[in-house]
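Naming follows writing order (A, B and C), and every chain is counted from residue 1.
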């Protein structure tokens, strides 16, 4: 306990001072890291804690992004109001979609659960692609700009921090709560959970909705920062990202996936900057991760310590 | 009310035209046969190895690209076409052996997210490898001279090559049926799709079985790619597209069932062919909706076995 | 066997369940009085597992009634039955291997305290006293911090018993509670269950193959055969019953077990 406090304080200070130390370009990257850290951690609530492997989690990241984009661009609201509401709107939209998808998906387990999430995501992808009037089709929605001072990277960074940190804290309390213990029991032995008097399906659905809602928030945060959203965010290959980040960081700790997200984003930026073959690099990294470093980065750190 | 019925009926106006119906049916069946080649391997790999091979579309794509290269090196002609088919099939079989024994084998006991990640990694790597080797542009392969042009079938004029595809698909299906039902290996494969634990008890060499099943699946995908080469635009990104319909087929047909893959491929091919006429734009949504419904109501599909 | 004034804690009437061509249960009649330690015995395929699964809500009976504490519970969801006071252990040990021994108890206690939807308070320190009490009762207090999956088989069974007891059941159904144990361990194990059940006022129904175990602790025995109750009574009565002896193929049932 005593070692964690100075580390936490140091980390908090570093996060707060960051915009003063780096260029605008890297502030954008830092914002991306925050959004993807939230995305990865919320995904891990489902995987590392609940034991449910979703093949279609990018659906919620994408829904959140589209919800924010539509609110800002097409709802006809004052820009300030739209901006104030977009995080909530994104979470609500993602939660609603997650409730529908989850209701059907948690009735099955394992592979069938995964394939159901995949099917629903592809359904949403097709809609995003075809409903050109609403979603802009293949062109997506572009020109998303936060109003006034929020358009400045440093300001948006603090805004993203102000959303991400409390969101992560809420998720932390969730997994440390009695509900969180039930989730971990669900991962360990779902059938046994039934026989301690708990309705398995409803708890799995709740975890699914919460995980989806926070993924939606992450998607919206990122969309507003990058200024656009595209249907490709909903394509099935996009669902690899949260899994990679979570496993890279380590699924057995709460913040492991956040670390994985940071490493992933930075790697992506650095490699994409030098070559167009980022997918190839990512594939090789994944292979190395899966074959050589299964416990992720946090697992590596733990092994070093003992 | 009247106008509603009329509008609805408009979607099916094409039914009055037997030429259109016949042509779409043949198109649907020939596309279905290509789908079958991908889906059969995918289904077998899942049935025996219990792995969802997201990279299967990439294997199909590799087959098509190998055909591209071979067609570039060899002179036009039927013999070259056969060589292309053999080359793609054999090449993918070898690649399949390499992937299974070099990579997949190490993670059979790992948590499912690792298996998923590995196949995703292959998607990314193979997708870019194809770009590196063959460049970013689209390629095409000429239809073999013997199969050029059109023929009369079902009262309509239809591309000969596509009729050949139908015949080829049926031939492969029969061949697969023979292998699975009349050879010792095939019986083990079918047993594995039903009850893996039993195999160990029977003293079957599961290592070899897994490798050969994956190799067969890859080979089928490669063959499919080579057969599809003359009628498909071969470019990077092909692998992301084809896997989707293959999953729909495998889910509807039943994971692990080749018969199911055959029936479901025909179904999906026909639904797509007629869906485009009836509800252009929506037919794609229809396939995913079907997939979801099957998974909700009867996840082991038409011919699979509930676990 | 039971005086008319005593309300049975579990009463089963005309319970039937068919699987395709097999009539697994063909009209089972049974009544368990509070405080009983009832053994259900019978050859393999007699319907013991189906019987348990039907009572605990995992299977829906085709016909018949299951009355628990005077209430008809046929068709109730399994997790609700647990809430209503019916606990269960499994033949193949079922607990939470990734959680620590202590956490296994905590999660059961949290569920029992209806805190499973509580999403804000820290769960780590909740119910630790009661968890330790229960672990002490079954003799696992020293292993509280270990991952449950690393326990020896016998200890896992004891953990499973503690988890079931955490729900404060009034009726405990134990499916082959001594499966996989050596003979001496079996007697010790069932004696522990019997002692705790008596201490805590829990009625028990358990299935068993080993006659030594049955005769050591059972207050009453029900013999199932081909989905029906063949005989019922005190251990002495059942032992002497010619039908029962016949069912076990002309073997005599002695306190040492079944002789062939």
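We take it that a contact is a pair of C-beta atoms (placed from the backbone, for glycine too) under 8 Å apart; a residue touches a chain by one contact, two chains touch by 3 or more.
This one's a predicted model, so the numbers in the text were calculated from it and none came from an experiment.
> Please give the pair of chains with the highest number of C-beta contact pairs.
Maximum number of inter-chain contact pairs occurs for A-B.
> Can you figure out the chain closest to the middle, judged by Cα centres?
Chain closest to the assembly's C-alpha mean: A.
> Could you state the distance in Å from the CA-based centre of subunit B to that of subunit C?
For subunit B versus subunit C, the centre distance works out to 51 Å.
> Distance-wise, how many Å sit between the C-alpha centres of subunit A and subunit C, to the nearest whole number?
Here the centre of subunit C sits 44 Å away from the centre of subunit A.
> From the C-alpha centre of subunit A to that of subunit B, how far is it in Å?
33
> Within the complex, which stretch of subunit B touches subunit A?
46, 50, 52, 54, 103, 106-107, 110, 112-114, 116-118, 120-125, 127-129, 131-132, 240, 243-244, 247-248, 251, 255, 281-282, 284-285, 288-289, 291-292, 295-296, 299
> Can you tell me which positions in subunit A touch subunit C when the two form their complex?
Against subunit C, the touching part of subunit A is residues 173-174, 176-182, 184-185, 187-189, 191-192, 194-200, 203.
> Under the stated contact criterion, what part of subunit A meets subunit B in this complex?
Result: residues 47, 53, 55, 104, 107-108, 110-112, 114-116, 118-120, 122-123, 126-127, 130, 235-237, 240, 243-244, 246-247, 251, 277, 279-280, 282-284, 286-287, 289-291, 294 of subunit A touch subunit B.
> In the complex, go through subunit C and note every residue touching subunit A.
The contact residues of subunit C facing subunit A are 56, 77-80, 82-83, 87-88, 90, 94-99, 103, 106-108, 110-112, 115-124, 126, 163, 166-167.
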